[in-house]
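You will see chain A twice below: alongside chain B first, and alongside chain C after that.
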Partner chain A sequence: MTYQWQTVLGYLPQYLHAALLALRITVLAFILATVCATVAALARNSSVGMLRLVAGVYVEVIRNTPVLLQIFIVFFALPSFGLHFHAVTAGVLALGINVGAYMCEVFRAGIASVTRGQTEAAQILGLSRRQTFVFVVVPQALRNVYPATVNNLLQVLLGTSLLTAIAVPEITGVAIVINARTLLFVQVFLMALLLYLVLSNLLSLAAAVLGRVIFRPPLPIGFVGPRLPRFKRPGRPERAVVS
Partner chain B sequence: MRLGRVQVTLVATAVAAAALTGCTPGGGNGDSSSGGGGSVSSALKAIQQRGEVRVGDCLSFAPFGFKDKSGKPDGYDVDIAKELAKSLGVKLNVVDTTSANRIPNLQTDKVDVVFCNFTRNGEREKEVGFTDPYVVATESLLVRKSSGIKSAQDLKGKTVATVKGSTNADVLAEKGIHVDTQQYDTSQAAILAVKQGQADTMIEDSNFLTYQAKENPSLTVTKGALVPLEYNAFGVKQGDQVWTNYLNHFLFELNASGQNKVLYHKWFGVNPRYPLQPRY
Partner chain C sequence: MNTDLIIESLPQLLHGLAVTVGLSVAAIAGSTVIGLLVATARTSKLPVISQLGRAYVEIFRGSPLPITLLFIYFGAVYYLGYSLNLFVAATVGLSLYHGAYVAEIFRSGIEAVHVGQREAAQVLGLSNSQVFFSVVLPQTRRIVMPPLVGQYISLVKDTSIAFLIGTVELMKVGQSIVDRTGQSVPIYLSVAVLYFIICYPLSVWVRRSDRKVVSQ
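Take a look at the complex of A and B:
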């Protein structure tokens, strides 16, 4: 192990602290994003024109502007209106609102992809609109949106790197500071890169395991674990079933 | 040994490959900069051959360096850089840099000299070379007028905004005052944080802060000096004595003719407070 790597590995506690902070921000922002996305998706699909308008404006404005600018506005501009947020809170808010807009569109696509036959059959069976939505549409939509939502989760994780602009001590910010002290840029930034790789792979793995647990096969994402002989591979037609 | 262009490229590639695998190229600091002729390779020769001097300056640090309305670099540092280019008889190319990457820019030959209000200290002398001082500064606090902070003693438990890569907040740790530090990418971001109430103060060069308080009526600078005087000089690549000598001579002429004082007054509105060389 060369002297440079030893020096950089000496900063490991700071890196890990930053990684934990990044993970915390990711989880909180993702929860906020899910809430925003659900509300916005419902609003955009509702029959009330005002709701559709407000949600539409939210999604279009947020998706068509850079997230770094949004972070700056939440942290630097809102205090002029009396809203002071601590850097981490501002980061969670900005990232949550931003990815929420993207997730809203994913959710809407997922809901729309549940075939009309399902809702019609549910209505015929006497389920109310709300029951139809909660018990018939959502489980199927969830399976449809799952891979894209995991993508959005990783988008949040990588978006935390932009929070360095508002002085949040997360991985990228810490790497820049350590680099300024030691000037070992190759090792310092490789270390940061590795941390991001580890974190995003951990999150993907957790998502895959969760997907396997809550979804019946065929699973919407790659297998984790041995292939069980009972279930056909997705794409392979099953034996003809009389419906 | 004459180094042709092919050999220089090969050497540079080998050095880059060695750096990537973590080995230090043995003291080969000055070897890759000259294009031909002579046993002494110096940035000075490279500048004359190129016909252009690349000056690294922090263009987000008014009034030392900033971009004017048409986007061209301007400021106290830039004025001195123009004088330098004039004395060399070459074109001036001002390269925007930041506190965090000024040393890497020097070491990777992206610039020939770095201005950027570079404080000379022993720690940095290990990585880069310095010329004689060209401006003297100390550190003060930039605070909101309404905050009531008068000195460093009022800072216990408050938040301090600094710039990534600067050592300004270390003075508080030395005095045993516990603060929360926030590190921003640019000094403008740090000032904005103080103005908007996201941080309580910013510790920075007193000259710079005086100018900022002039521009922002809601902010003010505390009177005391936090640290012993800082002598700011030009940064050059370590080991290039020929270039350092030239720059020192240039600075001597700049000071002896009074031109430095005139430029300082133009940008800060007052004469320089402290003499460039201490008397002892």
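Take a look at the complex of A and C:
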């Protein structure tokens, strides 16, 4: 048993390399997804019918077909239109476009979650529609949307495992190769599982800390979220300051 | 666009679709059973059991589906000595994986039922299982159904990942036609349309009933 683990641990550099690649793809695809989602969400809420239609089709088509198929289309079908991509680039594109569609709906829900009174109040205060959106709606929407967006980030991370189908050497792909070489499937795939668990937990922890910092009250300039009065809890003596 | 090729390969694609549907139905049943079991474990009063349920959910939600599928596929070969039927392996993998997500949906539903309901049922002399199945579970239905069907939609789409262990379903059928003919665009589009036909009505239903839950 220990011998087997030693063998697999000998492949640690390959694993870590693969994890780094997976993280890089995750970050790039997430950035692309955010851009897609923002554009699509604005288009779906726009007053131009054509834009609404295009964005709606994008979201519905992407959300109702498998990611794996989308990856294959980007990697195998787009070359017949003269668009050739490296496997990693194709992976980033496919994952970004895919998760962008899910995030678009999140963003829209976030915009809708800002109560009507806020926009009305802003308009009465003389803000233009654009100012209302940028300074009143968006900051509050961002705060409501943040947790769901973190889920989307994890969705991208776990989605990178599918890129093994187009031979991207990320964690799952590397594990399959090591398994073929050593035939120690328990250790090999446990190692991969562990890496995914560590990565996803690290990402969500980092996101939680970041969320605390960004959305901490006193909020940054321009943040007009609801500020609730802070009450001291009654019946609890002040703790003596030690130091 | 090569329409002849699409018409010619339609029977094969429809056969793949039938396998995908069968796989989806089997995995939906499996994941629902597992999800219910894990959700009851998570809401259990015994800390050991609830922690085990929690570990199950955390592990499957923090790892990708291919890993689960590969584990089951290779595990069967190594431990049973023969390779599992690929359909069965995919069903087990999908059920285990999506069971974790379904469990979270059920748990949120169970926890949304007011404690008073449970207490009242206990006072009336119902046994623990009666309380759960006749009082708590029926009340979760309204809250649980929209996200549950949403989860089933992602399960249907995830059956395509069984491609990685070689299950011959819609994705695999499509890919082998592409490999044979070299015509990727029409085949991928047909495959996409077939998935869309299954998933779109379900997502429309989810959106509608979601709105209903919110407005109530």
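Here is the rule we use: the second predicted complex is superposed on the first by the 215 of 243 C-alpha atoms of A that agree within 3 Å, B and C clash if a C-alpha of one lies under 4 Å from a C-alpha of the other, contacts with A are read in each partner's own complex, and residues count from 1 in each chain.
In the analysis below, a residue touches a chain if its C-beta (ideal position, glycine included) is under 8 Å from a C-beta of that chain, and two chains touch if they have at least 3 such contacts.
Source: prediction; values computed, not measured.
Of the two partner chains, chain B and chain C are each touched by A:76.
Looking at the shared chain after the overlay, A:185 reaches both chain B and chain C. In the superposition on chain A, A:193 contacts chain C only, with no contact to chain B.
Of the two partners chain B and chain C, it is C that touches the larger number of chain A residues. In the superposition on chain A, contact of A:47 is made with neither chain B nor chain C. When the shared chain is aligned, chain C comes close enough to touch A:172, but chain B does not.
Contacts of A:159 after superposition: chain C is touched, whereas chain B is not reached. Of the two partner chains placed by the overlay, only chain C lies in contact with A:67; chain B stays clear of it. For the contact definition in use here, the residues of chain A common to its chain B contact set and its chain C contact set are 76, 80, 164-165, 176, 179, 185-186.
Residues of chain B that touch chain A in their complex: 19-20, 22-24, 99-100, 103-104, 107, 127, 161, 164-165, 182-185, 189, 192-193, 196-198. Contact residues of chain A toward chain B in the complex are 2, 4-5, 75-76, 79-80, 84, 87, 164-167, 169, 173, 176-177, 179-181, 183, 185-187. For chain A in complex with chain C, the residues that touch the partner chain are 60-61, 63-69, 72-73, 76-77, 80, 154, 158-162, 164-165, 172, 175-176, 179, 185-186, 189, 192-193, 196-197, 200-201. Across the interface of their complex, chain A is touched by residues 58-59, 62-67, 70-71, 74-75, 78, 153, 157-161, 163-164, 171, 174-175, 178, 184-185, 188, 191-192, 195-196, 199-200, 203 of chain C.
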